[in-house]
């Protein structure tokens, strides 16, 4: 039996991503092809399916056959259940963990400016998108969160550096702020500004 | 409702140079629209960003005083509507008020180096948050499993597969049991009595033999071939089963054969007897 | 998007056999192709996969992609990975049943001080290491568990009293247990080597 044929069958039958190494090990011990042959077979299969509605895709934890995203419009109708929706709060928390890992929950809250509900962290942990990679050596030893391969797999990428790049944060010079405010908004620095806005709480609690 | 809030600002959003003498348009949104406020904004930084972006301002150049006023107007409106406001929004209002009041004070150049300008801190936080907010939106757009890509499911049930079961070493089991014994010793009210194992095994065997039988002759529980030792084991097992009320040992009349039955069948027999006697009385 | 392409995607994503009619109904109502077109697409797909290791097969309840049976020999090894280890809780439960039989689940829980999941009991019953020997005449009539002949066979003993006594277990330390069993029953020393050799696949290929 041709190696490519067997590799293809293995990748179709596996219900999870498989690395080339894992594919190799499915072969009986004395018949295992070289890794270069396995890799060649995988590359050939990827080429074979280029024009079909399914593709062999490389993800973080290996290769997996999946239905191409162009067909999601039709295929999603197969399933009665709608795909899970994720709130902005969850996605922002996930983004912070992905881009700033390892981070504590406190770090996440500092960046977002609001508290993070335990439900969000719990959901991310249960989906196995994040995990506690370590504990920070400060009082309370809070967990430090990092992302997992499953997270990358779910979003169809192979490594963190395939995430959209973060826009650069400009360094800022405080004197520039003063200058720009002084130049562009001269009215903002005059005392007439003090009007009603100074006692927000008194009014708010009325 | 969301559309109203998210709509690009009207002409009044021209900020540079223009004084603000009127309340922001947002405040004329019907109150029920404001009730989605908390759902719409992911916290004070998000609200600030919204106020800045709706006026096409650069974060670095934000007119702190004006943004502060708008922000506090919002917060006040929330207060009027008695909407429950997360504490973070109020903390931010206090911070903004503080920044503004500082700006009104005369500068003390020598003090400036020692503590960081609170505006710079705020601007940095806004930038950082905006970065993450955009990144989250981009992650949301990545083709994702279950929504855009789908697992294929090829039938493998026709393949002959032998499921391998985990192996257990006897020593692992005994070590696990050793732990149990240690724990039990600590809890004094539990006692694992030390009958010989052969007795416990025989107890199970006798119960299994009684299953489905009405009763067995006492003598049937002994096997001659086992010799004296086997008889003793069986006898001890019967006594232990009796003690634990798992079997009943019965002798209908003096000198009759002793019979043994499972405790369950006794209960059924009694019921039958009661029914019979009731019938007789009737 | 071509009809054939969509049909192929649907058949790959469906987790069950699909009739041509069911495939048709996955299309949005106003875009549903004629049944003849669906059938033509299915026939074309069957032809496309004729030489590949997976095939689109017509079963009683519809069409389903299957790994071809010729590949069984290679693919089946995918599912024969080293099985997970049994939990501590399972080993404790098994030991308690062995030493305290006949016992109810409640008895086991009393001794262990924690609840016993039904999964554990189920596993032990499925492996035929324990069985219900009778029912206790208390409310609920809980089953009384005892060990089986298969249990003795698995551990290579002929009777329970070949197991160490309670006192022996208490006194022994880890290395002693192995030794004492080895002395009494030299055949009992199960090494991990011997497990490797009886992987079913190795046997199957003989």
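All chains are identified by letter, namely A, B and C, in their written order; residue positions are counted from 1 within each chain.
In this text, a residue touches a chain if its C-beta (ideal position, glycine included) is under 8 Å from a C-beta of that chain, and two chains touch if they have at least 3 such contacts.
All values derive from a computational prediction rather than experimental measurement.
Comparing each chain's Cα centroid with the centroid of every protein Cα atom identifies chain B as the most central.
Chain centre most remote from that of chain B: C (centre = mean of CA atoms). Rounded to whole angstrom, the centroid-to-centroid distance between chain A and chain C, based on C-alpha atoms, equals 33 Å.
Here the CA centre of chain B is 26 Å from the CA centre of chain C. The mean-CA centres of chain A and chain B are about 23 angstrom from one another, to the nearest whole unit. The set of chain C residues touching two or more other chains comprises 9, 12-14, 54, 65, 67, 71, 75, 201.
Annotation for chain B: residues 150-154, 156, 159 touch two or more other chains. On the chain B side of its complex with chain C, the touching residues are 150-156, 158-184, 187, 190, 192, 194, 196-198, 200-201, 203-205, 207-208, 210-211, 245-246, 262-264, 266-267. Touching chain B in their complex are the following residues of chain A: 12-13, 15, 54, 57, 64-69, 72, 75-76, 83-84, 86, 88-89, 91-92, 94-96, 98-99, 110-115, 153-157, 163-164, 166-167, 169-170, 172, 174, 176-177, 180-181, 184-189, 191, 193-194, 197-198, 200-201, 203-206. Of all residues in chain A, those touching chain C in their complex are 1, 5-6, 8-10, 12-14, 26-29, 52-54, 65, 67-68, 70-71, 74-75, 77-78.
Per the touch definition, chain B reaches chain A in the complex via residues 15-17, 19, 42-46, 60-61, 63-66, 68-69, 72-73, 75-76, 78-79, 86, 88, 90, 92-94, 97, 100-101, 103-104, 116-117, 119-120, 123-125, 127-129, 131-140, 142-154, 156, 159.
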